[in-house]
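Common to both upcoming complexes is chain A, partnered first by chain B, then by chain C.
For the complex of A and B:
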């Protein structure tokens, strides 16, 4: 009776998992290429520790590739390592090093072309030109990978995780450093990007264009060359991310260009030279964000309209808000500003006089950048004071009518 | 010369003002370090003291001191001592005591809380500004025989360099905002020691990143070896020129 039960069980195992092929110097199959040749759809390759120098490995079968104790797959500074053109492939536990560098071809450690339902999990990447590259794929998961590179300039290095024309992708818990862009999205829609950590990349920590209806949660972007840039996109949700220490003459915590109908909620912007720089963006909700110790918290160009800033904390920023025009089409309300000097007679925790976040000097340098050399002079101090007392030049209706007296505690709910 | 200097230093110490000034600087620096744990921000707050208070105190104290020791100067000149010795002795006495007060008042708390490049630049700019404004004070003192008038001129110098000049500078930037102004403003900045000190200080702190293109341009200039030498040279001229002029007037003056 027992035997009878075991047979169907084994059968299902064979159907769903195929056979396992061990690969390694001590096994019958020595190279990954041989193993792929031998394997049929649904098989599992188990790669044992060692260094595999096999040039470009093309994978066109539905296989699961699992590395034991991070076997090293070396591109010898010449080749692209994995080129995958098959559905339902899983690659996990491998360590990819030294892909080739090219100016015409985007050589990657793992390149996926026109495939669906892939998983790239828990791999390590060192000195790869592009780390993980997806083109025209859907429904894939990229999880727990660690990408490190130490190129010296932008043209010597590609992006960490590069996605082009994809749908329903999930990026979770990856760590990327030292690439050109940490995460790069172009035409990637309906995707979820969570818990990633992007630090010290040459250009942007996260860079996306034409990537509608994506959701970014709990990611951290620290110390990237120019921060995070997002452009030409609608329906984005950016929730609970941290943008920290993106510092430099042209670095932004978050650069929003032509973004529409989106949510920026619960993020932390800390120590960036510019917290948020916005241009041509409309209908974005900024709620419950924390802006602290930035040079400029928000640079709101006059080309933005119908944006709402509500219940944000602004503290210890050099400039809270700077704009370059007098026409104001955005709503700013119920925020906490540490520069606010008003009073609250009826103790309802809402200030009785409006707060004007734009200082005269902020306006002046937006129009005449070379006036910045008067920064922190006594003259500028007096000028700002006078303007605060009797606003004449700063936009009259750009004000927070009900500023909060105390900073909001956004972590209370958690 | 050293003996004259000794008498003057004794005289200055006796007035106790220098001690008060030292105490004021010490307490404010110490207080700022206690209020804020971030050393960079403390230096930024100290910047206001260095740019406003130090020039004001230096120029007013020096002018008053000069007129208070007028009789001493007259007495000294009756002796077989050169005029320039007495005058430079006075200058050295006042300048040394004010610089010592600044270095002690600001430097000691800095040493206690950890000194770094920013703090050193701050000490450097503070000392240079003190020297510049003592020079200007001596110039305003020899320009007139009347104490009140001399203090008026001294205050005017202070007001001009900390406020009026910046207003004029902003006007220039505004009027010619269509032109590339970086090099011209660099020259204009050199005509005001307070602005020069402020920019040197701001570029030390990493907030210079906020200053955009102009900041980057200035950073490149002041960061270079040539820029450092030139800016020091310009500040040195600001010390030497007024005092040389003042001495010239003093040497020929009918006291």
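For the complex of A and C:
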């Protein structure tokens, strides 16, 4: 057994042998460019504190670049900083500032093209146009980075972490703020987005298009211009995320557009104009989510079918559910609704009469948004009551037949 | 009293005008895909005879809408698209010149850019090496 252990150990040692090249004003090698020139595959560059203004640095060797105490690499508002075209590169512990801004080229602090097995770890980015940009790459990890930009006018700023045509990527524990979209995925498949914190981005905290079979877990999206958008995708798992305070006329906690065969489980939607807005989406499982203090918890467009809402908690939302059609092909069951006014005579914790989450007035506003002016007036109250007693306009079959009497406790171990 | 009536009539006429509106990037959302418009090089707009304005972020969104039966073609007063070479300028699609190339990165992966004149189209296409199109071709692209 011991022999067996020794072999992998030896292998690791062999792989990690390479020269370390110190870079800094007090060392023989003064600039990163010189160091890259000198280095051969497998070497490590150790960058000592200082400010490095070297324009665009092109890296085409398999190197490990480690910053000591966050040396600053400055793009002087003119250049893309790192352009990487090599496999097995690690960039960690650097601080990137002031990339150039261009409307034709997407200048980034770190741009990776057609490369595999990279690691971008624990770097800081300030005032960059695009922060980290990957195109046509696979098997890369982006971890523990902090990206801060100051998006005053949205179209002048790029995305925090931007991935285009990638596969098997992992984004873990990054903090992104003040970009256009915090995290942007286009044609990215089989990837994982976990434990990231995306706050105060101009458009979306996370933007996801044509990216199949990805999973995002335990991320927090707060106070982004328009929330999170997941579009034209199948097989997405959204688990345990928090969507909070995405507030505005076209802001959604989560916008689902043309999504198929996906899971939305254990998420928290709190204080959004609209918790979930969905259009053209089908076969999605919504389970064990918490919707609280939203304007609308769910806006389900008539173009959605075969979706299942089960065991969710709805509390303190102005509208629980709104739809714009009369034909309903979705299943809604066993949810907790704080607006439910039914009773439970047999004490099985399930309400004895169905709950209709769609209010008449919600329907009216869906067709005529300005009618919201009359909200909470006595007349509207009367109309809603009458409609509840004898449903005439609201979809008849859109109801929860077994509403829960008590909110679910999702944190309790089952 | 007369003045008031006149003002009212004028007001009614003004509110009925079917003039194009500039696209407000960062604020407007695309009628088709619901995304907020951000890329100034792309964007499109349809204005109906009654003055209703639909805004779009990419050519496939506007053509998708055009090809649907949501609004009759004869009711469309203007169909406008952003000039790639002069971001923020809207031009009529019938007079626009288009380039289709995988190099064109548009918000909705439509992959087509529009130009106000043939020179700009040619200059840009030296880099992209794509196909040159006109409006009817663009409609057919997204059928």
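Everything that follows uses one rule, which is that the second predicted complex is superposed on the first by the 397 of 414 C-alpha atoms of A that agree within 3 Å, B and C clash if a C-alpha of one lies under 4 Å from a C-alpha of the other, contacts with A are read in each partner's own complex, and residues count from 1 in each chain.
Simple rule for what comes next: a contact is a pair of C-beta atoms (placed from the backbone, for glycine too) under 8 Å apart; a residue touches a chain by one contact, two chains touch by 3 or more.
Please read these numbers as outputs of a predicted model, since none were measured by experiment.
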Fit or clash between chain C and chain B when superposed on chain A: fit
Tell me the contact category for A:295 with respect to chain B and chain C: first, second, both or neither. first
Regarding the shared-chain residue A:270, is it in contact with chain B (first), chain C (second), both, or neither? neither
Mind working out whether A:62 is in touch with chain B, chain C, both or neither, as first, second, both or neither? neither
From chain A, separation angle of chain B and chain C (C-alpha centres, steps of 10 degrees): 70
Determine, under the contact definition given at the top, whether A:210 touches first (chain B), second (chain C), both, or neither. second
Which partner does A:380 contact after superposing on A: first (chain B), second (chain C), both, neither? first
Kindly classify A:356 by the partners it touches after superposition: chain B alone (first), chain C alone (second), both, or neither? neither
Contact-wise, after the overlay, does A:369 reach chain B, chain C, both or neither (first, second, both, neither)? first
For A:399, decide between first (touching chain B), second (touching chain C), both and neither. neither
Once superposed, minimum distance in angstrom between C-alpha atoms of chain B and those of chain C? 9
Contacts of chain A common to chain B and chain C in the A-superposed view none
So in the complex, which bits of chain A are touching chain C? 103, 106, 153-155, 180, 186-187, 202-204, 209-210, 225-226, 229, 231, 250, 255, 257, 277, 279
Over in the complex, which chain C residues touch chain A? Could you list them? 25-26, 29, 33-36, 38-41, 87, 105, 108-109
Mind listing the chain B positions that touch chain A in their complex? 44, 47-48, 51-52, 162-163, 166-167, 169-170, 173-174, 177, 181-182, 185, 189, 194-195, 198-199, 202, 206-207, 209-216, 218
Touching residues of chain A toward chain B in the complex: what are they? 247-249, 251, 273, 295-296, 318, 364-365, 367-380, 382
